[in-house]
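There are two complexes below, and they share subunit A, which is joined by subunit B in the first and by subunit C in the second.
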Partner chain A sequence: MAEGLTWNVYDANTMTQADIYGEVLCKLGETNERIVGLSADLARSTKIGVFAARYPDRFFNAGIAEQNMFGMAAGLALSGLTPFVSTMAAFTTMRAAEQVRTDICYQNLDVKIIATHGGISFGQAGTTHHCTEDIAIMRSMANMTVIVPADGIECANAVVACLERPGPVYIRIGRGFEQACYSSDDYGFTIGKAVEITAGSDITLICCGITVLQAKEAARLLHESDGLSVRVINMHTIKPLDTEVILKAIAETRRIITFEDHNVYGGLGSAVSEVIAESGRACAFSRVGIPDCYSIVGYPEDLYNFYGLDTDGIVKKVREVMKRDFEEEENWEDGF
Partner chain B sequence: MPLTEKEIKELSQHARQLRKDILDVTFWAGGAHVGGSLSMVEMLVLLYYKYLNIDPKNPSMADRDRFVLSKGHAGAGLAPLLARRGYFDFELIKSFNKFKSPFGMHLDKHKVTGLDASTGSLGHGLPMAVGLALGARRQSMAWRTWCLLGDGECNEGSVWEAAMAAAHYRVTNLVTLIDRNRFMVDGGTEQVMALEPFADKWRSFGFAVKEANGHSFAELSAAFDAAIAEASAPTVIIAHTVKGKGVDFMENDVRWHYGGLDSDMLEKAKRRIDA
Partner chain C sequence: MAPDRNRLAAELILQALFPLLKVVIKDSPSIAKKFEGVTAKIQFVARDPDGDVGSYLSFTNGSLDVVHGVCEAPDIAFEFRTIRRMVAMLGGKPALVRIRGIRKIGLFLKLLALLASLTLLMPTARPKDPAKRRLKVKLSIYMMAAALSRYNKLGDPEMTEWTGKQPERIYQFSVSGQDDIAAYLRVKAGKSQAGPGTCTRRKPFVHMKFRSIDEALPILTNDINMVKAVEKGYLALDGSPEYSRDLGNFLIRIQSLVM
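On to the complex of A and B.
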């Protein structure tokens, strides 16, 4: 079981990988005068407070009023600026969903949204502050790009990359305490292009966010204990989706499982399943996420374990899917 | 500077033309938000012919003043004015609401030249206008943002979130106009969801409040001038108007919030405008 975490909102600023986001934004702000920041009384928790402290004239705190904040961000973008907006994922994608859709996406404005506390990463806060719907909501909005970084370094890469991509971008991070998946930032991050974390030919695990690191570890364990060759894909961009990497996995491994900190409906698993279904090819497939229920309370580590999103859960799920001997069934060969 | 007699006469002619255009659009479209389009006519005419620094030949001119029609359902009132002002050919509006037309009842800035923002869903315009005003200030630009809201729209919480922010950030380069025609879809504003004491609400939110007869160019102009001169707080102008103004059988009749006209009614309504 997880030990109780001891930080609080005031010293969180000195501890986490998500600080990287704040620092990167500050650095970008040095040369890009167009960048402005917004938050809704969560500048500290979301790390955009680092930018606010460095550039007080370029930061607007909207108070606890997310609808107005996203409307203001749209107005700032209409005036020629590039707003970076940060608040919790739940309030971004649900409280202000219509403003994000109508004011920002419909007008195709250059607003970058870095939403924090995604999924069940704020486990102790309870269901109101969990957000297991955001990927589904955001990917259904035309013009929107949806990115779910695996760790702080990838978040930093995404923040840099999103500036080069005109139009709205939604970057979904956790509470900011994600363990490091990458040890350096030069692994070739490109929006819309998945990253192969480990090569493998027996089964493919397609992951995003915190599950990438867990799957990487699970792949290592499965190789040692079961002799399995497990491919792990970091699908950091949910939209536009890297369909090529999925089609390749269908052809080469014939088994795919998705893992995400999100409701199994509408997120990464749904996106991948759409590609599989439209491919016309047979594939053993399973989705793991929050099984269409309101998530329970607890420390994130315990919750990830409970929902099968940690290393143990992933190992178990892989063994289960590997037992589906679909190759022995009749007519599974479909000619490739 | 008070308007001259000659200016008022010219503006009145533009207003009469716009009213008839609104009726034509309503006829062509098979129905439009005619009541609330007719009530805002003098405000739009005064803005577009006298106050806004714009160049229809250069619609994206960097230092143009910005206008946000927060009551976006009144697109049938704004589209013909933009055409008359020279942003696009008036004939284009005949397609209003039709298949693949650039003009739907809520105007889209990607499709209609001269718009600074797409609007329609209520309560969105003022937050965007606050952002525009802050953006101008941040970039040391002198242009001003004008935002026109419906009174019923002020039921939306986001309007008051924006009002709070406008006062907090002292956005004096923003002028908020309210078309106080006292009607919404389901009935009178005071019956459906009371707004009064309306001016006091804005005052308590930190606004400088001006009131004017929304059909008097002289009163509106004085209020606009006062708003521009106001240097310590954001300004709201509550313009008292008549829904359906100018057409006797539409005035103050909630049924004309949205309606359609046949050719006989169209002619009858136009005669009232010219009377």
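On to the complex of A and C.
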């Protein structure tokens, strides 16, 4: 993490992803005067308000006018500034999709988008405020980098790293209250390079966002109860995708399941399946996410359980996929 | 029902050990030369009320095939009145055997030289010659994989229970820097398969990698135990330590069964 950031692991356990984002952005703003902030009347919810309070002259509230806000961000970027734009994921990727695409991505502008309340993390706010399409939309926009951090610590790392990456970046976080997956920030976060959370040879679980921690716990349980060796990959960057780690998993474990808080179409699972299909190698594969439906309403943790994205759901799915063959090979004759 | 221990031992020797004679011929030019152009069948059979146990070596122009079962009109036949006697003799102990065709003295002497090469597998064998040291390590590694697979196929209850609960997994044995000294055991839901070389179907669940031929030998002769060998770096174990231990325990049981 950048030198001088003052939050610590204790903070990571008590602050939400958005809280940490707000704090990190303030610290970065101290040394980088090109950073400006924008929000669409959601400065408090998205925590960019911390930056607004510290640097009122470098913050712009566009009101509930997301399309205008992204147009403004494009203009600020063309002026040599680095805009950090924060609003909820649903409004970023759907209401303002055209502006993000045409004003920002088409010109490959240096705009950093921190979208909060991704997936079904805004559970009880209802389906209109859930956002299970954003990864699919954003990864199909040329020039866009798409990051889904596993927890607050990784969110901080992503915010710091995105400053060094030219062009638009979309960082998708939850509503807050997500548990910490990492115990420190020095695990080597690099945009486009996945992180192996646990080593394993029986099956690989490729995850992003909140599912990383759940998979980590599931791997532990499966080792203890079933003696399974489960590899867990934190695929924090959906685009550019770390194809190398997927190809390695195909060759070495021959079983892959993806877990994501997103529609099963177009997100992490789809991205991984493209790599598997192009590899030409057989692999038992399954995607877990929100099935092709509009998500139900409830507390986030209950929804994660309902859609099989919590530890119990992951354990159940792994047991199911372990029973599948990954390649036709019924010759069991000894070869000596 | 658990298989009879003597029958199990005999089948292990005939089905896991005998096929390694092909490796001996391939890797020992002096022995290969002896069998050049030889076409003959040599039978090993033990009589038993529940069914005879046997295998035969079938040479065709010097090329060896090991066939499980009893052949008609062998050139030489080793016949044992009981399975126990066969196990004793093939395990290196004295035992009474009736030999038919002993008058084919030339073939008989060639055969003795070939069978003698298998004594390299005895823990007490400590060859000095580098070629023999290499062959001992290769045969031992092949034997480990082959015997484990056969032990499972022959229905040892504990081994079948162990393989029965596993998804498809590879147990790989190798010596660093020696591409041809490698063998694997593949298991899946009670089935097993052993083969030479490196299994490329997936990453090994457990990989037992000996650092060199010279460092493998003291482990194979029981001069150093596995724990010490790992400590000293003679052997690297990559993968589940619990399953490595299980594998080691099965190998100890197989060794005590056949020797």
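One rule holds for everything that comes next: the second predicted complex is superposed on the first by the 308 of 336 C-alpha atoms of A that agree within 3 Å, B and C clash if a C-alpha of one lies under 4 Å from a C-alpha of the other, contacts with A are read in each partner's own complex, and residues count from 1 in each chain.
Quick note on the criterion: a contact is a pair of C-beta atoms (placed from the backbone, for glycine too) under 8 Å apart; a residue touches a chain by one contact, two chains touch by 3 or more.
Keep in mind that this is a model prediction, so the values were computed, not measured.
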Figure out whether A:75 sits in contact with subunit B (first) or subunit C (second), or with both, or with neither. first
By residue count, is subunit A touched more by subunit B or by subunit C? B
When the two structures are overlaid on chain A, which partner does A:277 contact: first (subunit B), second (subunit C), both, or neither? neither
What is the contact status of A:227 with respect to subunit B (first) and subunit C (second): first, second, both, or neither? second
In the superposed arrangement, does A:180 touch subunit B (first), subunit C (second), both or neither? neither
Considering only touches as defined above, state whether A:36 meets subunit B (first), subunit C (second), both or neither. first
Counting only touches as set out at the top, which of subunit B and subunit C does A:102 meet: first, second, both, neither? first
Contact set on subunit C toward subunit A in their complex: 16, 19-20, 22-23, 142, 146, 149-150, 165-169, 191-196, 201-205, 239-240, 242-243
In the complex, the residues of subunit A that touch subunit C are 201-202, 227-229, 251-254, 322-323, 325-327, 329, 331-336
Touching residues on subunit B, where the partner in the complex is subunit A: 66, 108-110, 116-118, 120-121, 123-124, 126-136, 138-139, 141, 145, 157-158, 161-162, 164-165, 168-169
Subunit A residues touching subunit B - in the complex, by the definition given at the top: 36, 57-58, 60, 62-63, 65, 67-81, 83, 98-99, 102-103, 106-108
